[in-house]
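Letters A, B, C and D mark the chains as written, and numbering starts fresh at 1 in each.
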Amino acid sequence: MAGIAIIGYGYWGPNLVRNFSTTAGAEVKWVVDMRPERLEIIKKQYPNIRVTANYDEALNDPAVTAVIVATPVQHHYPLAKKALEHGKHVLIEKPMTQSSAEAEELIAMSKAKGLVLMVDHTFLYTGAVRKMKDLIDSGEIGEIQYFDSTRINLGLFQPDINVLWDLAPHDISILFYLVPGKPVSVSATGISHTPNGLENVAYLTVNYDAQHMAHFSCSWSSPVKIRKMLIGGTKKMIVFDDVEPSEKVKIYDTGYSVKSDEEKRKLLIDYRVGDIYVPKLEQREALAGMAADFISAIEKGTTPVSDWNVGLEVVKVLEAAQESIKSKGKEIAIKF
Amino acid sequence: MAGIAIIGYGYWGPNLVRNFSTTAGAEVKWVVDMRPERLEIIKKQYPNIRVTANYDEALNDPAVTAVIVATPVQHHYPLAKKALEHGKHVLIEKPMTQSSAEAEELIAMSKAKGLVLMVDHTFLYTGAVRKMKDLIDSGEIGEIQYFDSTRINLGLFQPDINVLWDLAPHDISILFYLVPGKPVSVSATGISHTPNGLENVAYLTVNYDAQHMAHFSCSWSSPVKIRKMLIGGTKKMIVFDDVEPSEKVKIYDTGYSVKSDEEKRKLLIDYRVGDIYVPKLEQREALAGMAADFISAIEKGTTPVSDWNVGLEVVKVLEAAQESIKSKGKEIAIKF
Amino acid sequence: MAGIAIIGYGYWGPNLVRNFSTTAGAEVKWVVDMRPERLEIIKKQYPNIRVTANYDEALNDPAVTAVIVATPVQHHYPLAKKALEHGKHVLIEKPMTQSSAEAEELIAMSKAKGLVLMVDHTFLYTGAVRKMKDLIDSGEIGEIQYFDSTRINLGLFQPDINVLWDLAPHDISILFYLVPGKPVSVSATGISHTPNGLENVAYLTVNYDAQHMAHFSCSWSSPVKIRKMLIGGTKKMIVFDDVEPSEKVKIYDTGYSVKSDEEKRKLLIDYRVGDIYVPKLEQREALAGMAADFISAIEKGTTPVSDWNVGLEVVKVLEAAQESIKSKGKEIAIKF
Amino acid sequence: MAGIAIIGYGYWGPNLVRNFSTTAGAEVKWVVDMRPERLEIIKKQYPNIRVTANYDEALNDPAVTAVIVATPVQHHYPLAKKALEHGKHVLIEKPMTQSSAEAEELIAMSKAKGLVLMVDHTFLYTGAVRKMKDLIDSGEIGEIQYFDSTRINLGLFQPDINVLWDLAPHDISILFYLVPGKPVSVSATGISHTPNGLENVAYLTVNYDAQHMAHFSCSWSSPVKIRKMLIGGTKKMIVFDDVEPSEKVKIYDTGYSVKSDEEKRKLLIDYRVGDIYVPKLEQREALAGMAADFISAIEKGTTPVSDWNVGLEVVKVLEAAQESIKSKGKEIAIKF
């Protein structure tokens, strides 16, 4: 039985408590937060969970074997490091850390101590992403040619990170999970409308050696909520629309070859080339799958889907993107 | 009465003939095309229009006072130049020319000879763009903070120009028409999936000195057709969805200020902040408005909405974008 | 070669002229209309077509072998009758006549004289309806259990017929074409907001002996345009949304069996049960198919898809519906 | 402080417990259910709430001052009656009872004993319905001319009531709340695809003396989920689409007058006549408003929005609809 301490009870905390409370092999022992009013809430709803504003108190409890870091991102590295030093398995919310150096240090520690280190890229556990993974792995889509993701909505300006660090980890982790191969460089642009200079609208291109490119549009300043991903393959194309309630993933049996003028003209009035297939998706809550994956890694030594590799890769892309934005789109190489 | 010769009877030609045939003050005298089968079509439908494969024949007809160049883009410059040399007013399809040097030479010639030189950026004559122009000019939207345009669909690979030169002129001309001020630089990325190396997916960022940025996504390789523009102002935001049959332009009474965690949480379930207003748009065919504007410029000396300024500016942006794509997103300065 | 006279050059007339002009084996000889300004239009666009306000002139031309009646519905019967008397094949716009007695008299005449009598239910020639026909005939949908059609939009109040006679013929003809078996009775309700008492909103239920029912909602008074048909089978269900530009027909692999409370709860958050399939549809203009079918019936004696059977059945349903509306929904039997 | 006993902990029970637990002036004392496994759930989540399978135990607790009946509908009348006999205020889930006779007896009892009797038509407390009420009451919509509601989705066949009794109470209660005047008769049709003969697809017309009619489409057998209401007024029209996440209520500034053929033709390509306005709606959970309204009625004697009048009227319409369905649409008079 893994004894869990959850550090940070902000927006995501209640979802973590709820899901780990019902995960076989897990027991939430502690919730740590500096804000007494947040601890009050947990006390009422979960009288069996102990609460504290003192992280050490939880770390020193021998019943605690795993720590979940769900704080603002600047605290991820020190809190995770301390947990590893105390011999605890660690799950960190996305993005893993503020820099790849921090991430690599945590990875080295976890390896040295034989502890699980995992990053919560929840989207990898959704029915939609799993279905797309199956389709791509089966070869049905063909070789991937482009990956285009838009994640925009209104509000939620973060005080400490820009919109790419906030929203793009979802989409970059999906890119790494779905598409084989590693990118070689990035180019990014963005703009800030706030005094702190943190971009609230940003665009990111991720380049590969092969005939493949990825692009991400992120915004906190769109009046409409769009969460749409297009994945083009040599055989078929996928549209993943996460705002759509029931038809999230559509597979288009489509291709490029258009030759004569006559055909061009037809295409203008004909909106697509082949059939569309909309698969039924698994309905299980993604976070429950992530929680089970973390417990399985602890208990059985399995490799989690959303492991530290994905976490590190996402941070490397974000780090390079930040550098590129500052030089107005200049290509920045990434190494893996 | 302006006597019109239309050069090129491809995809757009029939629309030009139909609209100029019903424009007061215009009479279509000639259609020129190298393909006999295209000329056959026009002969059947419009027995009063003369046809030829020989451009000179039309140019030498004194009844011809204006020439419309509707050929592939590489022929725009030589054909337009020849028309100006013959003292004809000239309308060129978008994009104006293959380079800003070519465009500037044509502009200088037209000025020297006192002839009208105009570029057909048809979108500037749509009810949707005119309504947005009114809204922005009235101050209702506030200062523009971002402009984001997506124009993607399937097919229609052009053999001579990449997707930016094909699709972005629509959106860039709208940007210049709607938003005051001139950009200072661009950054662009793209990928080609064809042997000719012409990009079929491309992204373009246009930078301004002020707190404003524009971004364009263009693709011939999307299984779905999207034509969506988001324009964010300090007071309100506009969404222009050109695929939507009846509610193309929506104005969102919305803003950014979100402070407490509590408010953040609410926003997650509440998709927007204020009312939405969907204005009724004028239904007149845009091309008819463009045709009337060209004739008015010839007859009354008025300045057309879609004049050579817009044409040149669009070419300058595309030229710089091409340079940036080749260096993987590097910032390229533009001068106006 | 069939020589065609088109009687009535109103809203639908130009479409008929354009399509029959390009149909192999057909030649439009005459257009007849009482309004000189309508005849002027045809003269300009089609100088080879003769025009007249005098029906007899066209009927007496021996080159005319077929007549198309495209007038307001009250003139269908006398004009078609006269054409049959003159030995002409006849195509009538929908609805066929104002009463089943009139329709039956025309049918008897056409049989006696060996002339083609056909009704233009254009929808039967659309790619969407043909695809649904194939699916249902193949058994893939199973036994049909319900048919639900909504056809509503704004405007277009007809001065001589109510909304059911105007809009429902489309949907009723599709019902008869797609679903085997004949209805036994109807029940209808409606309301008129105009002094002439013609219903502008109406609802129609069509009963079958078997486990199957059809329902039609028609309105000229809806602020939104909806053209949606649901067809439920024992194996699968079809949604035909004619307003949708590219995904008009969707097939849902779905079923009913929901037993436990637990399952019920899941269904509330899960919007459907199986995969969806969106077939590519044929893009040919429906009216061209109808025109070719009429010419084929004349020249080769084939039975048209949209023959007088469908025309008569639609009129019988409408006639009974009208009687039911007047008695506020009372069941009215129909006989075939 | 009202002490609450909730009878029935099925699908809706958890929502009632959660909302009444946070309503000022209310304290949930008991939950009653015959199924031990349901009681187990409540014990874990709410250790302070007492549970029992014995209704009398809760009724005999003097701390209980109000009873909420949330069982299948056939138990509403006997359970509510017993509660009133014990001097408890009563809230009944919709539909109020199985017959108007039962409802009237409960009303008479509550009046005689001075107890609150209320029916939970939750929709009346949604931001959307409240906004529509304001708009209609202000005169902005004009006189109501039609009310058209579609509520269809897949699954959830009820074992004891047909689809009208299950789904239509929502829409009929909204009709009564929004539109002044009382109906005079109904006409309904439907079909059952199950051995128990309970209709799973049904249509209901509600007639008024005035120039107004209402129609309801209900189905458990639709592959798509539609919850759409059209309300036509002499000045404007409303579309309420409850499936739409952010633009639920739209007001169309629209009208009927279309006269010439030329105008008709324009309308065919122009989908609407005026501007559209999409108001921001209040986001409070509707059930919380209902709970507060019940407590206010108990403590302050206020008249609830969703009082027994609405409850009785809905049952009268359903009762008449059932009779009409059995006679295939025959008009059945209703009296209020």
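We take it that a contact is a pair of C-beta atoms (placed from the backbone, for glycine too) under 8 Å apart; a residue touches a chain by one contact, two chains touch by 3 or more.
Being a predicted model, the structure only gives us computed values, none of them experimental.
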If we look at subunit A and subunit D, which chains touch each of them?
B, C
Applying the document's contact definition, name the chain pair with more C-beta pairs in contact, B-C or C-D.
C-D
Euclidean distance of C-alpha centroids - subunit A vs subunit C, Å:
52
Length of the line joining the C-alpha centres of subunit C and subunit D, rounded to whole Å:
38
Check each residue of subunit D and list the ones that touch at least two other chains.
225, 245-246, 250, 271-273
Residues on subunit D engaged by subunit A in the complex (per definition of touch)
47, 225, 243, 245-246
Touching residues on subunit A, where the partner in the complex is subunit B
10-11, 145-146, 148, 150, 152-157, 185, 187-191, 193, 200-201, 203, 205, 207, 211-213, 215, 217, 219-225, 230, 232, 237, 239, 252, 254, 256, 258, 261, 264-265, 267-268, 271-273, 324, 327-331
Can you check the complex and tell me which residues of subunit B touch subunit D?
245-247, 250, 266, 269-280, 283
